[in-house]
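In structure tokens below, several structures.
In the two assemblies presented below, chain A is common to both, partnered first by chain B and then by chain C.
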Partner chain A sequence: MRHEVRRLILLLLPAGIVFAAFFLLPMARLFLIGGSGKMGWAAYTAILTDDLYLSSLVSTFAVAAATTAATLVISGISGVFLQRHKFPGNAALVAMLTFPLAFPGVVIGFMVIMLAGRQGLIGQVTQALTGEKLVFAYTIAGLFMGYVYFSIPRTILTVMAAAEKLDPKLEEAARSLGASPWHVLRDVIIPGLKPAFISAGAICFATAVGAFGTAFTLAAKINVLPMVIYTEFTLSANIAMAAALSFVLGIVTWLVLAVARTAAGSSVAAAG
Partner chain B sequence: MTDAGTPLAIALTNCAKTFADGTKALEPLDLAIHAGETVVFLGPSGCGKTTTLRIIAGLEEPDAGGKVLFDGVDVTHLPIEQRNVGMVFQSYALFPNMTVAGNIGYGLKIRKVADAQVKARVSEMLAMMQITKLADRRIDQLSGGQRQRVALARAIAVRPRALLLDEPLTALDAKLRDTLRLEIDSLLRSLGITAIYVTHDQAEAMALGDRIVVMEHGRVAQIGKPREIYQRPATRFVAEFIGTMNRLTGAVKNGVFTCKAGSLAWSEAPANTTEILFRPEDIRVAEGHETTGLQGKVAAAFFLGDRTRLFVEVGEAQPLVIESTARRDFSHGDAVGLAIDPRGLLVL
Partner chain C sequence: MKRRGLFLLQLGFTLLVCAFLVVPVILSMLAGLTVNYFIGVESGLTLRWVMEVWNGYRETIFLSIGLSLACLAVTLVLGVPTAYVLAKRQNALTRTLEEMLVLPVAVPGLATALALIVTYGSLSGFRTSWAFILVGHVLFTLPFMVRSVLAVLSAIDLKTLEEGAASLGAGFWPRFRDIVLPNCRQGILAGSLMVVTLSMGEFNMTWLLHTPFTKTLPVGLADAYASLRLEVGSAYTLVFFLMIMPLLLALQAFAKPRPAKFVAEETE
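Let's look at the complex of A and B:
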């Protein structure tokens, strides 16, 4: 028995070392640095009391949540469609939907400016139609657009893989019982895709929380955590505050993902 | 109650099916299914039996010109969700995100039946299929037999106009298959519902069907009661697909059929007969000093307890299959005399 335990510990050791070296120790160090500044441990409470920090925290997670929701809806619909309907050019289209993965955030930010900036396409079209120029590239809406754009590829491939495994007989059975297409979607397709939605949604959310390049390109009026951390770190040289914000960013993201997984966990297990 | 309303009469006229890739799954087919009867579509895979079932269900539309009639009403372009037919699949197709009770009540729930009524109907179905204890189980906690009971209960719960079963027992092991076959048989009898049952298993077809539709290459080879199909097969395909068929080749002269194994008196033999067919139960091994016109050598003997299955070499391409109940120990190479009952002889 004791031998067994020793062997188990030995086998877990490599994973434990990696986990400690690359996750636990840096996080602990970050946490300590966060409390080492002029403000001391008050840096952490400042995140919740200081308007700038709190609003950036809220808007970061709000834009990440909105991005995740929009991405899941768009990728869910198009992923299932692309899986079900094979047409000439299908493969080329799927490849095209995937290539934003290769773009750095700066390029995506630039694309948002081209589209919704002062000289952008949307601005020109709205001016021609209504006489007023619609410009939103430098706001949180522009950021949202960029994030959705680079989140779709990650999600759509996962959804397509899951859609392939859906049993068409389940849909036929539901229809034989009188289910309308809407019922089939609600009771068969979405529950079947749920595990894929959760894992793709988690990646999408975490990426949107931490994305920097796009925010940096559009920076004018945007106040999201990665930007605030960057400013604290480079411009104000307030390393302690930057560390405290980074620590909170990591912890809150982890918490949100953990809660989402547990909430969905029971139903995922039931879907067997 | 377990009533299914008045049973439904189904008619197919000129129903053919060509798939998008050009495969012709079904040649133009006319078929009338009477109200309340159980019809079995039987045939090897790819014979068009499942396609026919799916056309009746509303999961496929026949090629232009084909019509599906339910009690005389044209339903050809009505999708399955508006036809009110119950379906049972080989793969069960139970909803994994619902419990057993949730599955059975699903059809009623989406019809917006009141909760209390759904509950009552579900417990009635659970009791009928003897799965009351499983009501709150998840689907992945059930065995294959239990799953198929749930699938049957789910299909019947909505009181469908007809029950369509697509190889419902194929995924189960032999013993369970026998038990469930009996259960399905008594279920269909007690419901009095029109049922269409697709299978490639002739024993299932014989046991369940009021009538059997034997299909081959997208065509109907024969329609008839199980006894007719077995005793008076219309084509060689039917004769050989259902049960075991023995074959002797030779010629007829003056009411005597002569082949390599000897001769056989058959006064009613058609003039140009070159081949005769008969079932294993119509041939027996001669006893003691009985003299017979036909002789053969035992090629193999399998003692099965109540009988011995013999393979007898008679100089044909295939040895004859004989089921012998004689209390006798046969061994390889034994010379045996053979007697055939002329009433069982077929020429096709």
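Let's look at the complex of A and C:
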């Protein structure tokens, strides 16, 4: 027995050493460096006391919240629909909706430029229709669009997996008792999908808060927290502030996921 | 009749969402092959932009392939034994360990990269080598390998299988090699595809970890988007799509039975 425990520990050792040396130790160091700048430990509260950082925190959360809401509505409708109605072409639609799953943020940013950039499709269409070119890729609206693009594939997969487990008999029962489609949706389907919505929503939110590639591709001027951290680190060489801000950002995303996991009751896959 | 209308409404909506995701991909592929995108496809098709990418950014493609394979090797060596232990002992301690392993995915890549730089940035030989990026990629992809293998191991009756083998006199290594590994083949395969795909596309960390001599494909993409004409950026994206598409298709095929297990998790 003891022999086996020793063997298990030995098997864990390589991953443990790598993880401790390259994640735990650097994170501890990041925390210390965050408090070593001109401001001292006040750097950690600067995100709430400094107007610039606070405003970027607010816009970061606003984009993330809007992304989460929009993604849940879109993926909820399409995910339940595709799970419920098996028609020819269904599999192709699911494949199309999920294949951008692993597109990196920079590529997503470029997709937004293809749609809403200076030479984008939306600009061409609006120019033909109204004579005015609509270009919004390089603003926070473009960022929102990119994050929704990014979040739909993974959210749809979660919603479909949860919808599969919903008992269609419950809906039939509600309908036979005279409930309208809206009531079935509100009282049967949405409550049944709630754990999936919570976990998928938390992942959307945490991802949108921490994402960097999309904002980087679209414009350096979009005032979200990851961009502020990047600017502090590279342009201002204010490493302590960048360290403090990114540590706080890490805590926030981790907390969102941890709270959602407790609320959803089952294991929530982490975001990235 | 009313339900038919509802069906069509939902179908229309879903088709719109599909278009939102697919149209820009097609547009960018087209732009990469068009002589002048501003004029349109009428200006003719060309491979000039793809060749320009090949000449200017070839190295980034090779580095990304090498990096993702190295990342795969490391995550296999570290991840499979870890998953085995987590499957064998399911208690509070191993659950905490699993939680901790997922931290680099939950925490923004920017934070992890900064932490690595402030800790190891002064070791210049390490800082300027591709191994520095590899470390970041391993941290980020390891949880996917562990979870994917763990999902398979938790679904089979590992204990009985191992006891059976042990009662026939098999020691630990023969058991691990002949019983455990073949049984989690599916999980290893799915995990491997995920690791390679994610490593290939990782940008958040890599942008801070890279040096002018260690540019990966996504770093080159960001470069091209910022400084070159739209057609070149598109051609480069096309190359990236061609590399990553087979991986994504394979991933879809293998991840299907348990979509929830592999959801979530990259990349931004």
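Simple rule for what comes next: the second predicted complex is superposed on the first by the 222 of 272 C-alpha atoms of A that agree within 3 Å, B and C clash if a C-alpha of one lies under 4 Å from a C-alpha of the other, contacts with A are read in each partner's own complex, and residues count from 1 in each chain.
Please note the rule applied: a residue touches a chain if its C-beta (ideal position, glycine included) is under 8 Å from a C-beta of that chain, and two chains touch if they have at least 3 such contacts.
In this text, all values refer to a predicted model and were calculated from it rather than measured experimentally.
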item: Partner chain(s) touched by A:201 [first = chain B, second = chain C, both, neither]; value: neither
item: First, second, both or neither for A:123, with chain B first and chain C second; value: neither
item: Partner chain in contact with A:187 - chain B first, chain C second, else both or neither; value: first
item: Partner chain(s) touched by A:76 [first = chain B, second = chain C, both, neither]; value: neither
item: Greater residue coverage of chain A in the superposed arrangement, chain B or chain C; value: C
item: Partner chain(s) touched by A:169 [first = chain B, second = chain C, both, neither]; value: first
item: Which superposed partner A:161 touches (first chain B, second chain C, both, neither); value: second
item: Residues of chain A at both interfaces, chain B in one complex, chain C in the other; value: 270-272
item: Contact set on chain B toward chain A in their complex; value: 57, 59, 79-82, 84-87, 89, 91, 93-98, 106-107, 110-111, 138-140, 151, 154-155, 158, 164
item: Chain B partner contacts - residues on chain A that touch it in the complex; value: 167, 169-170, 172-180, 183, 187-188, 191-192, 194, 267, 270-272
item: Parts of chain A lying in touch with chain C, wherever the complex brings them together; value: 7-8, 11-12, 14-15, 18-19, 22-23, 25-27, 29-30, 33, 74, 77-78, 81-82, 85, 93, 95-115, 119, 121, 149-150, 152-154, 157-158, 160-161, 181, 200, 203, 206-214, 216-217, 226, 229-230, 233, 239, 242-243, 246-247, 249-250, 253-254, 257, 268-272
item: Residues of chain C that touch chain A when the two form their complex; value: 2-3, 6-7, 10-11, 13-15, 17-18, 20-25, 27-28, 31, 37-38, 77-79, 81-82, 84-85, 88-89, 97, 100-112, 114-116, 118-120, 135, 138-140, 142-143, 147, 172, 194, 197-198, 201-204, 207-208, 218, 221-222, 225-226, 230, 233-234, 237, 240, 244-245, 247-249, 251-252, 259-261, 263-268
